[in-house]
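Heads up, there are several structures right after this.
Look at the two complexes coming up: chain A is in both, with chain B in one and chain C in the other.
Coming up: the complex of A and B.
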């Protein structure tokens, strides 16, 4: 029966079914390693979980965990707000910075092989822990700058007073000054966190055909014009990928205070509450990602039309 | 206007252009030096501090060049990190899961890039889900899952289950099925790389009677070498430096290197490494030596392969 059904399929259909064979490991992996934990952690978030030596027990409690984190847990709400403001200003800065670095090492100049090798170092040091150890030590030993590689340190406020005063006296708006000093204070951490984004931009830049630039220069376009009219539009998909990567990467960082809260709840055996927090946080991030995705597909369509 | 005037003005224009070019390259050089400083300073600091002797570490006159070199820091760090054993564990995890992930992710990426089958959209959604859902959310349930692992109920039919915790399999087994550490990103890299390759060669292979899997192995894989190198390096580095998952799944004596490094300062203190005044401050060289020992293997690998790596990144075409 089955054989006859297969033979009724056209040649191309049968060829295409091979695709499922290629994807079989991934699909099995999803069923075994993702689906079960995802469903389980959703049920955890609606129940009280107690773990014993022989296994675990869940007692359904409805929305109790969610009510707790929204109404009673002040730490969660403030940390989520803090995390979101950080995300909102850090993501664009990291994107611009990594684009700038990628353009820089995409040019041809003497010594660029060395420079390129150095610029790729943050990718190797993607471990927050190693940097943390070096950093905590640098602060102790030099006491010069409060520039924290990993987190926005508490003692940062003092060190940029000079720049702050200067800009304020120059008559620049307070909010802009605040933004600029925030960037300079965290420049170290920002630049060490933009390694992968730089790589993604670099590969995006390389995929732009050089003939476009040649045509533009024949037509008399300045380099700024060809940047605005060729590079930026061609990099839109890369930009989307990078924005999503930066947001996703933000919760794997060791400095993410929401994740720290979730981990500490797990460690104190409050599994139900921890998973509830995690899902609330993830849904909020998912909303941001959805907005990014929606906006970028819109601009893609309009730029094509 | 005489011809001479015209010539002069052209000459001036050329000069102006040249001056602009020089100004740009000077600016570029300065900027590069600044950025290099930001990247190299912590690394140099780490290397130099780890070779300092206990006596000169608190000498304020010693800033860059140590007065006397010593291996005390390295020795202490190797002992307290349990270096050879934990590095061996990390190496097993890294190599095993990287090899597994290369196979499973390349297959999945090719399947998504070149075949149109019913339900492809759903597979894409699942893939994005694996990238976007933070693993931390699932830790509390994956911990229990890996403690009594039975392949989604398959093994429990026979009354069996595996305990994956505290063993490298906790990383390798998921990687075999494209569900390991950041494997979604690897599948995506392979997907966009295979998608960018020309169809003609595959068609030719098909006409010559080459089966689908043979085409994949003998025609497509050699063309996607840059993607393989990119994923190889990412996978090695990310597995070597992973802290969150390692700390969750390894809680006994033998733990991956990064987890040991995180606990190094406590271990040093407990291990009696302190100077006369008993301050932790003078433990700096042990900590820095520990950091250096941890990051050294991927760093050395990178130094030797960076040429291939940088070229591969450019050719992978991460964006489909």
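Coming up: the complex of A and C.
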């Protein structure tokens, strides 16, 4: 019955219907638990919100929350700036590092599943309760402050002081030296934050058809050539995905001071102000994402031409 | 012709050894917390408090693990109930989300109808919203639907997650050629058959990746604890964090808890990786 009905529709109508059917289960959930609350939070940001057990009351206050953020709350502005500079240098470093690691662990060597699992461990550790327990362990916390596993620690900083001097004496520009030492100082926190990106790159590498490399090697391409001409172009969508993921993921990092400020406002029942902060922050991040998208579509077009 | 080939081969052998050594060194650092929790969990109580901490156990014991189960035994619900809740919610939620995310990711990548682009943009922008910020409105929506204190709240709310959809959409874009889809359509395959026999196999690595993430977040019941009040619907993490909150006296039990929580995600990860590699060796050279 249904089939006959479908065949009476035009081809494009059938595509629309099928597409809608495929999207429907996700769309319902997305509208209920995602879009609707986001839209509600716009109203919240222009109101004073009081939450009670039976529901919440909103009293519209116009731009009060936004005025407070920009004019009175110095902490918010400085934290946003700090977070932005962190994001600007951390994102490319994490991307390159995770791509490098993904290519390494995609090689064939004995025990590669084990090594992959090891590199995936941070993702498991960083999840709620495990991290909570590990961090609450006094012994581990004294250890990790020495090893800078979770945050930057003294030991590594001392090492890179030496590196700092060495590079400066070698006549390398101060700015570059600063950048390099920043990375070595944060090496472990960076590796710990690139687990998911690495896994995404890994699945990107795995979905490149092997026939492409075979064809390239038959044509006599070197491994560097096939990396540049096959791996990199095939990874462009994954690269975009990972850049966005890294930017989004930076919110959930414990070192994100802006999110800490927002959650502390929520916890002290200043919900209106918290949503206003969130909106300012998200618009700014959205602008960055816009730039990322713009650049990626431009490079895609130019690589095709 | 033969000469360059030999050069490539010998370099790749030396390179592999170097890579292996490098990876081994880094992995020692990655393993530290896992190794340390494992060692702590196996230490008897007098060894736990030795300062500076030892990185080995002299008298390994399973007392801490036994303690976890006897402690939770004093709660009003047996431990097996928490365990069942966790496994049930995680398995059902993961399977449902994979299905939903794969279908919508495929449509968002290859769908040709109006509004697909706009929808995609909205989904990407929605990724930017941390659950903390929308937690209060979501809570009232869940309660208006009458889902508070039901399994539905634990299973349905995570289904709206956008990151898996986004990830799969990106992979379909690069791994499924339009030409293959066209050919299948011309042969008269239904859209669902195309999805099942062409799309799913070619994005298997991505699906496995989403599986790992979804399992991980559901297993930790991240962001859904607030919907449950009755004890017999609570999940393992809630029960275990009560134990971990016991302070110094329960340091050993807490270490055992963290080991228990880590094992299933690691096992799932190993399983997905080995199955991805299997499919690669079977279908990689099509």
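The working rule: the second predicted complex is superposed on the first by the 233 of 305 C-alpha atoms of A that agree within 3 Å, B and C clash if a C-alpha of one lies under 4 Å from a C-alpha of the other, contacts with A are read in each partner's own complex, and residues count from 1 in each chain.
In the analysis below, a residue touches a chain if its C-beta (ideal position, glycine included) is under 8 Å from a C-beta of that chain, and two chains touch if they have at least 3 such contacts.
Being a predicted model, the structure only gives us computed values, none of them experimental.
Participant: In the overlaid three-chain picture, which partner chain does A:210 touch, first (chain B) or second (chain C), both, or neither?
Facilitator: Touch partner of A:210: chain C, not chain B.
Participant: Could you look at A:118 and tell me whether it touches chain B, chain C, both or neither (first, second, both, neither)?
Facilitator: both
Participant: Counting contacts the way the document defines them, which residues of chain A are shared by the two interfaces, the one with chain B and the one with chain C?
Facilitator: Looking at chain A, the two contact sets intersect at 15-16, 18-20, 22-23, 25-27, 29-30, 32-38, 40-41, 44, 49, 51, 55-56, 104, 107, 109, 113, 115-125, 127-130, 133-134, 137-138, 140, 149, 188, 191, 199-200, 202-204, 206-207, 237-238, 241, 244, 248, 251-252, 259, 262-263, 266, 271, 274-275, 278, 282, 286, 289.
Participant: With touch defined as at the start, can you tell me which chain C residues reach chain A in the complex?
Facilitator: Checking each residue of chain C against chain A gives 8, 12, 16, 19-20, 22-24, 26-27, 29-34, 36-37, 40, 51, 53, 99-101, 103-104, 106-108, 111-114, 116, 119, 122-130, 132-138, 140-142, 145, 156-157, 159-160, 162-163, 165-167, 170-171, 173-175, 191, 195, 202-206, 208-209, 212-213, 216-217, 219-220, 222, 237, 240-241, 244, 248, 251, 254-255, 257-258, 261-262, 265-266, 269-270, 273-274, 276-277, 280, 284-286.
Participant: Inside the complex, what are the residues of chain A that reach chain B?
Facilitator: Residues 15-23, 25-38, 40-41, 44, 49, 51, 55-56, 101, 104, 107, 109, 111, 113, 115-131, 133-135, 137-138, 140-141, 149, 187-188, 191-192, 199-200, 202-204, 206-207, 237-238, 241, 244, 248, 251-252, 254, 259, 262-263, 266, 271, 274-275, 278-279, 282, 286, 289.
Participant: Which residues, counting only chain B, touch chain A once they are in their complex?
Facilitator: 25, 28-29, 31-32, 35-36, 38-40, 42-43, 45-46, 49, 104-105, 107-108, 110-112, 114-117, 120, 123, 126-127, 129-142, 144-145, 148, 151-152, 174, 176-179, 183, 187, 196, 212, 216, 234, 237-238, 240-244, 258, 261-262, 264, 281, 284, 287-288, 290-291, 294-295, 298-299, 302-303, 306-307, 309-310, 313-320
Participant: Write out the stretch or stretches of chain A touching chain C in their complex.
Facilitator: Counting only chain A, the residues touching chain C are 12, 15-16, 18-20, 22-23, 25-27, 29-30, 32-38, 40-41, 44, 49, 51, 55-56, 104-105, 107-110, 113, 115-125, 127-130, 132-134, 136-140, 143, 147, 149, 188, 191, 196, 199-200, 202-204, 206-207, 209-211, 214, 222-223, 234-238, 240-241, 244-245, 248, 251-252, 259, 262-263, 266, 271, 274-275, 278, 282, 285-286, 289.
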